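Report on the structure given below.
As written, the chain order gives the labels A, B and C, with residue 1 at the start of each chain.
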Amino acid sequence: MKDTSHLIDFAIKYGFLLLMAALIVVFGLNAEGFLSPFSAVFILQSVAITGILALGVTATLVVGGFDLSIGAVATSALMLSAYVMVVWEMSAGMAVVLCLLMGAAVGLVNGLLIVKARIPDLLATLGMMFLLVGLQRIPTEGRSISTGMALPDGSTAAGIFSPGFLMLGRHRLDLIVPDLLPLSVVFLVVIAVLVWVFLELTRHGRLMYAIGSNAQAASLAGANVNRYKIAAYMISGTLASVGGILLAARLGRGDVASGNNLLLDSVAAALIGFAVLGASKPNAFGTAIGALFVGILLQGLTMMNAPYYTQDFIKGGVLVIALVFTFALSGRGGRGRG
Amino acid sequence: MITRRVFAGLIGAAAMLPGLGWAADMPAPLDNPGDVKVALVRYLSTGDFFQAYLSGVEKQAAAIGVDLRVFDSRQDAALQADMVDQAIALGVDGIIIQHGLTESMQAAAQRAVEAGIKVVAFDVNVENDAIPQIEQSDRDLARLALEQAVEDNGTEFTAGYVYVPGIAPLDRRDETWVKVKAANPGIKQVAEFGTLDNPIANSVANQARSVLSANPSITVMFAPYDEFAKGVKIAVDEAGMTSQVSIYSADVSTADIAAMREAGSAWKATAATNPAVVGEVSVRALAMLLAGEDPGHNVIVPPTLITQAMLNDLDIKNMEDLGKKAPAFAHADVAVPDWMPLPAR
Amino acid sequence: MSDQAIRLSGLHKAFGRNQVLRGVDLEIPAGQVTVLMGANGAGKSTLVKILCGVHAADSGEITLGGAPLVANSPSDALRAGVVTVHQNINDGVVPDLDVVSNLVLDSLAGGGGVFLRRGQMRARARQIAAAVGLEIDVRRQVSDLSLADRQLVSIARAMAHEPRLLILDEPTSSLSAVEADRLFDLVEQLRDRGVAILYISHRMSDIRRLADRIVSMRDGAISGVFEDAPLDYSGSVRAMLGHEITEVDIAIPQPGRPVLEVRDLVLRDGARPFSLEARENEVIAITGLVGSGKSDFAGALFGLAAPVSGTMRLDGGPHAPASARAAIDAGVFLCPKDRLINAVVADFDITRNLTLPFIARHSRLSFLSFRSERATAGRMIGTMGIVCQNPSDGILTLSGGNQQKVMVARWMAEAARLLILDEPFQGVDIQARRDIGHKIRETSAHRATIVFVAELDEALEIADRVLVMSEHSIVGEHRNENIDVSAIMAQVVDAEPARAAGQ
């Protein structure tokens, strides 16, 4: 009996990491080229954007909230950066700054709706999502933005995506092999570390976790619950806009998109993160691993020519397994949301 | 930027001035076009293609002078059927059904026909003999792009293919690809992938990169939808295989033109029907029906091949340039009876 | 009637390596109230959970009226006639439904048909309510009811099952004296109908009032059974704790200079203004019924809600905190009641729960110093006598008494000017109650201390002065020396009808 309880403890703590290691071995044996540095970098790059969004969601999950608007914030940032550079012909720096401000502002509005207007988080951010999906289409009447597009006044847009901006999504640093490491991966790693440090090593992170677990207790212990909640949504909005900037730099154009897939993938990553190291709660390290896990899975399956519809199925499967790890096996119930 | 509609209106008004002269020549009921109400009931509306289609419909409707109402169901099949009923209730004279699902639209289209309304359908089969089908020829699109691929690369090459089954135009394009492969056993397809997760280009790029690293021998990518091609191009560039891989696709937009014209771009050619022209043809076919003429059951808008070389030689920067400098792209001589006023160019 | 008895024999239960029940043999006769006493961790809760089908015993046998009781789930137990009223009120009711639905919920969950018949349900609900003397509008939403009324609803609901064994787990912990009296009447009625009653409580007043027999539990086994009249109360406590309750001797020290001065404070419209002074080296207990305004007064002192009028001064300066943070910064700390709702951060370990309010002291430039946290946690665990394996264990691994010690320790880690403790002995075993009380008195030299308690026993155990609160005002003051308990009780209770009439 002692052995089984040890085994379960071990499974809760390391099960997910072992599963990931096993997956790497299986793909390494079956998909040629999977175990190359390029492949590793590809995986990281494919999860960079959803990973950054997922870290934002993690911040809202920590305070017991949820942000459904991140996908829409990301695609709005995509459109905004394109609009700023192509139509207004401003610099890359302006585009980045305006996008970050937009993301933070959306987060602020989300936070105020939830904290001041007392709208439940899911509903407030759902409303914001629809608002943004519509808003991003208004300036261009639903068309994509690219250099040379015809403007309503009959002229053509002369601005370009500046090389400096495109670098954000396309430039590669030399690491062992020349031109290996894309900048977006560097952003992911840096942001993951920053979010981890913020949540685990600062008192602000500690208070945010306290608020997520028992807001009433945190408030009676003197924490300004409303301010921290708003801050969490601002972090989420800002990180989502970073994701949108990287997306724009990679695509090199402003594409109209709802961003729903970005939302679902990043939420999945954050929830899978609950299972990593038996944390049973939102955490930055777990979220990064969760995003990586999905990336490895999809990369391997695609390399093995698995059809596209299997991928959503597998993603769903991983999520369910992770939730079982979190809620059923650990027995402490975790806390999900709310 | 809200002035676009006004702008379209101005063009329409400009067309109306000489149009006043023609109006008398148009057959009834179009001799009094202001009293003729036409509805466009849309299933898909987001994206450049559908925007351009709409602008074509608007321009041609303005040129004739009919009163156009646009219903947009935004990919809600049930809502689209309801909107047809709404249009019937509104007492329109003609309906253009743009995309949709056969299952949901068939009955609604039949109700419209029974109500004495003239109906044409674009890119959706409503299984009704009284309803002409406006089509861009997807088979021709794929054929033109693949002919160029064979011309550039010979009949022996290793290919990757982007495809999502179950989407009607992609299925039709796939038929051609299957035929071409059968006719040219030297074409070896080593990978098939695809997704419609949006942003589509980003998702396809992630997949394409995996495919390229698993199959570094690929020299041709057939991506018969421009969002697919965009994604593949990103992946090819990121994998540093720009000079090795050639991309052939279907459809075109201003952004596509820019991507094809990048120095050394892997995107070699695309075959496209001008969606604005398809929009114009849709209205013209409906106008013919209203005037009691028969546009034919299948109204096919022929595609044009657009190559990288052609874009560079003619210095085409956007869709407008393409329309001006490649006349075959700007106008299709389909459904044009003598009395038909054309939009001003 | 002995064939009606519930008999437990040789019950064993372990959770992992932790042996919780080590062979419990117990008989609960019909038509009697058997009081089960035991310190936290003695195994009472586990025993109850086995009886009501939540857990299965590892070995041993339970018979009900001679036949084996097989309860693999709570609904099995319910069907067999074992009905439990849990300590946590919201376990017994569904707050979002009305009283009707709550009272007939069990038949809803088990019954046939799809559609609700409101009229029939309401009639049945009135019948159930009337049977237990519950006088409330059955159409009201449970979430709108007071805690006491909710408790009565949950008991009424349990009684609707015609129980053969009724288990009451600390049912009076949230009730005022008047409400508790109604409950006792109900329990006695049921006993007279021949129901076997297992009553779990720490409160001597409850036990004196109700018990026909007392069973003491200690370390997972029965340590004493007392059934001969007169019941040997001190013997039962001795059996439970291993030592006897001794009356706490309060030596009232010389109070220091005034810390808190309250002048003409009005807590809500229409309440009588009151004044009080709290001095250094003084422990004041404020006692009163549930709803008498104790929590509102605590809230006013801690900046949660501003009083209607009046002034508060702290160390001579004005005290009008706008938030909990402002109060804390001024040196006024509040250890709130209902720890699981207001204090415990369930996701945190012991250390993090301890350092929560003063986390800024453990960080530099916002970065946490885990070493500083560990040092404080170690110090407070030592001084409060918190029993735990490791300061990094989850807070919920602790017993209720130890959880409460952590919550009190949280506010003792820094020096307060005024320390307010609201119901610090709620859901705490006697040993922990003693420990907490001692610690509060021991450390009170350089601050003023106000303890809000509903139980007079608790007030007498800890305070130098006992103030009585009623109708949102202070109605009596007693120095804790040769105190006239009946006079206090009169002040506590007598004002009550006046309030009811005033409404």
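The rule we apply is simple: contacts are C-beta pairs under 8 Å (C-beta built on N, C-alpha and C of every residue); 3 or more make two chains touch, one makes a residue touch a chain.
For reference, the UniProt names are A = ABC transporter permease; B = Sugar ABC transporter substrate-binding protein; C = Sugar ABC transporter ATP-binding protein.
As the structure is a prediction and not an experimental result, all values here were calculated from the model.
Under the stated contact rule, the graph of chain-to-chain touches is a line, running from one end chain to the other without closing. Put simply, the chain nearest the middle, going by average C-alpha positions, is A.
Most remote from subunit C, judged by the distance between CA-atom centroids, is B. Chain centres here are Cα averages; for subunit A and subunit B they lie 34 Å apart.
Between the CA-based centres of subunit B and subunit C the separation comes to 72 Å, rounded to the whole angstrom. Our note on geometry: subunit A versus subunit C, Cα centroid distance of 44 Å, whole angstroms. For subunit A, the set of residues that touch two or more other chains is empty.
Residues of subunit C that touch subunit A in their complex: 16-17, 302, 323-325, 327-328, 334, 336, 341-348, 352, 356-357, 359-360, 362-363, 366-368, 394, 396, 410.
Across the complex, subunit A is touched by residues 1-4, 7, 45-48, 50-51, 164, 191-195, 197-203, 205-207, 209-211, 213-214, 216, 230, 234, 237-240, 253-255, 257-259, 317-321 of subunit B.
The touching residues of subunit A, counted against subunit C in their complex, run 1-2, 5, 201-204, 206-207, 209-210, 212-214, 216-224, 281, 332, 335. Against subunit B, in their complex, subunit A makes its touches with residues 31-34, 36, 38-39, 42, 45-46, 49, 75, 78, 137-144, 146-154, 156, 170, 179, 182, 247, 250-253, 255-262, 298-299, 302-305, 307-308, 311.
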